[in-house]
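The next part holds the structures, each set out as structure tokens.
Next come two complexes built around chain A: one with chain B, the other with chain C.
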Partner chain A sequence: MSAEGSGKRIAGGWAVLGGLLFAAVLISLTVGQIMITPAELLRGLMSGTGPGSLTLRVLRGPSTLTAVGAGAVLGASGTIFQILLRNPLAAPDVMGFMSGAGCAVVAGVAFGLLIPLPILAAIGGLVAALLVAGLSFHRGARQSPLTLILVGIGIGFFASAVSSFLVIRMPPQEAADAQRWLTGSLTARNWGHVLQVFGLGALLSIILALQVRAMALLELGDELAAGLGARVGRARYGLICTGVLLATVGVAVAGPVPFVAMMAGPLGMRIAGVRHPASRLTAAAIAGATIMVLAEVISRSAIPGLQLPVGVMTGIMGAPYLLWLLWKEVEAGEV
Partner chain B sequence: MSQTGLTTTSLTLGYRERTVLRDLSIAVPDQRVTSILGPNGCGKSTFLKALARLIAPASGQVLLSGDDIGKIDTRALARRLSILPQSPKAPDGITVSDLVRRGRTPWRGLLAPWSEEDARICRQALEQVDLSDLADRPIDELSGGQRQRAWIALVLAQNTPYLLLDEPTTWLDLAHQLEVLSLLQKRNRDHGTTVVTVLHDLNLAVRFSDHLILFGGKGLVAEGAPEVVITPENLQAAFGLKALVMPDPLTGRPMIVPH
Partner chain C sequence: MKATIGLVLLFFVAIALTLVVGVRDAGISDLWNAFFAFDANDPTHAVIRSVRVPRLVAGLVAGAGLGMAGTVMQAVTRNPLADPGLLGVNAGAAFAVVVGALLTGYSDSGMMAALAFLGAAIASIAVFLVGGARSGAGSPVRLTLAGVAINALLLSLVSAIILSRNETLEIFRFWVTGSLAQANTRPLEAMFVALVLGAAIAAIIAPRIEALALGSSLARGLGTKPGTVQLSALLAIMLMTGAAVAVAGPIAFVGLVVPPLARRIGRHVLRRELVASAVLGGSMILLADTAGRLVVAPAEIRVGIMTALVGAPVFIFVVRRLKPGALT
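On to the complex of A and B.
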């Protein structure tokens, strides 16, 4: 990680960011239909028995940790696209990659394909990304970020429509589950999901860590990046792949949850007060995890007796932010 | 033609069907300051970009110490030659020191930590552009002249024997133009760096350059020492400009007084 300007202020920022995640996780583990005190959790952790232990091992632990992992990969993914396209609207949720991944998963279920879910999601996400790139391609001209984003929104709607069509043709119970998952859901997560999201997330993070220097150069513009030794085309495609795959790892365990990927980067960057891509990615992962965990706990405890899908909650939090961003772009004359 | 330095052999440049410059065989003198001059649209920026391999030639070659520049490994090239494009755009909120540190990228191994050597070269680059006191400030808070100097510090930190700059003085007022050009000249004198710039202002180019390459609408008009290149005939041929050329009262070099 690179040293940045005023060290003390930034250290404070990281502490706030980490503290928020810790608080969110604690709230998520303690709050619910049955309240569990932190002391009980600690006792459960030490002794391996009692209500605290049950909460950690079965009831809330796996969902909360899945939320942490999914939020982190989504946050990092969003930041990759926001840096590459220099636009806060650029994110895998807005640009349809997550809807594409969701669509592929639903199609896999609908047609009874025996392909593991993360692979289905990855294929769907990459196909959506290829479609976005292909449809915004103009001979000779470089695509503007906004064109890519708008085409991506279109692809997202298309993928969602296909998903809905597939869901309608499913048997009722299956359809209800699929619909819930498509909204973005963290109910009934187990340790398999935790292992999956952290395992794949860690693997992609290592790859991303090797790409981050090229990213710091691409941020300066293609010509300067090339002059500083980056293989511009290769670096960009590599980063897009990593970004899409990170998002689909999140989709595979939590469904195409909207807006976390888009919100996490700017939020993390502002709280931590950092600018270098490596720091921004880290901050976005922590912020994404925090948003996801909070959305999860609110979605299951806001209305007693009713467990909302987590995507409903992130949608409610994210939509105003999206509108505010759009309004700013219009003000700046970008749209 | 010599096999040292930065040279072109029968270089033809163009975008798709349109040829911009044809059949250029030019040698940029080593360890000198060279300026590329010419009217808008004559291809002077295109030529500079070809020297830095930012665009591939339609035919011919650019050679760096005899090696075809198109065949040099990207990172190896970035250790030998740096280019500052015209009006680069900084990421929002990036500080001067963060920007300058990125100039060290081609010298660092994939997992190599930030070294004392890297730190020293960055400090030196900031000193040379006189921005040491503003190292922790975000670029977007700087004045136009300071910002341009920060970008120059980035390529100075790259620490290459060849330094190419595309219109480094655009948008600056005269005092800041002088400041930028004299710091480049100083870099050349102190480090022996070969500096190649595209410049708009003829008199400033003459003042700060050892060698000029003058393009007109139909390709190369003249190259050589300022005294050789800056003549009324060449100015007429390149710019369609009627001008007197007289000795600069300060330096004795040619000075252009348009009619």
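On to the complex of A and C.
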């Protein structure tokens, strides 16, 4: 990692990143309708009784940890696509993979299919990715990343419309819940969700770790990568699959939350000051978790007595970032 | 000529279906009688007059407004992906109305209209600034992404406001996707006037927009001021989009699907294209609305969802046909 500048600065960057996540988790556990002091939390953790323990075990612990897991997988997923397509706009949320996953989950619920949510989400995400890739080919030629992104936006529009269509068929209460989930929601999460997102996330992280070397080679460009012994096509498809699946693991527990996957990568890279793909992925996962936890606590406590869906909050946070990104590129005369 | 006849036929079929189809089925004779031999005790007549006619008018105002606004936008920006819905102009209008009317609790129809126009204007200026219209031709990609961002931001805020006030799901759905349900409660007359005003401005400046399309230096040589034309176009778009949103909510994709069809029918003369867009837009919304009432009867699918189901594939089709150079 000598190419990444002085080791001291990097270590400082990681410390800031980790500190931010820790602070976000602490805020999320203490702030709410009933305020809990960190001391009470610690007492609850040690003794297993009292308000601190109740908060950790039932009230806020599961939601907060689900937010950490979902944010981490989304951040890593976004970074995979940002590296592969060399474009900050490439992310599973912008490109419709997450809407596709959400659509499949809603379809499963609407038709009463007895398939576990993560599998439904994975199928939806992979179908959306296949459609984006297939529809971007035109007259046999591979298109620019921007075409892929735009086609992905179109697939996202379509998947969202189909989801809304399916929601109408549900009974009223179920429809209201589904609508909320489709915005991205972390209400009423339990330890099952935590286990699910961390279990599947860990499994995919191991697979991703095996692919990181190929990813670093792909970053050099296809020809050079092939020259250095990478099987370019296979490596790329493998990474796309891992990226899509990571995103759908997040969707399965938190719904298609917008913009976390897109924001996490650049934010993590900037704070940690790293460039190597493996470090970028780790930084993005931590940044994604932080964003998600903050969005969760704001959406739950910004308006007293009301829980907004977390997706409304990430939308409000992420859209200005996207605008800033576009503005910067206008200034630079790019895109 | 054939296309024109087809268009007129489509238009009348769309109108007839809107009036006839519904939970209470009406025949052509009921339709005739409702207008020319009205019987106040006949529930079918009452439904046609008090529910379906307002719905028809709202659909026509929204469809014509969004169709023409899309055509003007595409002509001015020369961007085939320009649509008031996709570029966030609809969301701007909806946001302004929701903030103004819900937060102040003052939902006078004139006030709502004024807010819709204001919101539409601010959002379109914002999109064009970020989308880079100022540095020459804004690229379709940049403009579309700016629209995506502005849409996401404004609709998130709209959701937050509506949810925080515990409004009904129906109100939420109207202001997030658009719907023709309860059209009889909307300010139809005032918005019709606004639409006509916007259409008149568009028709007046149409030849100058065409001159501008030849390139701004050439247009100046022909005596056209680009700034004035763009500003008038913005005014027209604002009036037409604001009117559409005030009666039917932020419906997307009409302004994307309609203009390319209108170009064929209008044979690349902008004034003719505008007429064709108005008729096509109206037909599209009415047909989408009728289909939405039929597929899951007695429930109904909001018209905004139906237009998205049709419009999203069209969006992908248009993206695929963009020239590689147009992307950068």
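Criterion: the second predicted complex is superposed on the first by the 321 of 335 C-alpha atoms of A that agree within 3 Å, B and C clash if a C-alpha of one lies under 4 Å from a C-alpha of the other, contacts with A are read in each partner's own complex, and residues count from 1 in each chain.
The rule is simple: a contact is a pair of C-beta atoms (placed from the backbone, for glycine too) under 8 Å apart; a residue touches a chain by one contact, two chains touch by 3 or more.
On a predicted model such as this, the values are computed, not experimentally measured, just so you know.
In the superposition on chain A, A:221 makes contact with chain B only, not with chain C.
Using the contact criterion defined above for the overlaid structures, shared-chain residue A:38 touches neither chain B nor chain C, since it reaches no partner.
Of the two partner chains, chain B is the only one touched by A:276; chain C is not. In the superposition on chain A, A:199 makes contact with neither chain B nor chain C. Ranking chain B and chain C by residues of chain A touched puts C first. By the touch criterion defined above, A:147 lies against chain C but remains apart from chain B after alignment on the C-alpha atoms of chain A.
Here chain C touches chain A in the complex through residues 81, 130-132, 135, 139, 141-142, 144-146, 148-150, 152-153, 155-157, 159-160, 163-164, 166, 169, 172, 177, 252-253, 296, 299-302, 305, 308-309, 311-313, 315-316, 319-320, 322, 324, 327-328, going by the rule given at the top.
Taken together, the chain A residues at the contact with chain C in this complex read 89, 94, 135-136, 138, 143-144, 146-147, 149-151, 153-155, 157-158, 160-162, 164-165, 168-169, 172, 175-176, 179, 183, 258-259, 303, 306, 308-309, 311-313, 315-316, 318-320, 322-323, 326-327, 329-330, 333, 335. Only residues 2-6, 83, 86, 140, 210, 213, 216-217, 219-221, 223-224, 226-231, 275-276 of chain A touch chain B when the two sit together in their complex. Chain contact summary for the complex, chain B toward chain A: residues 16, 49, 52-54, 74-75, 77-79, 81-85, 88-95, 97-99, 101-103, 105-106, 108, 110, 114, 135-136, 138, 154-155, 158.
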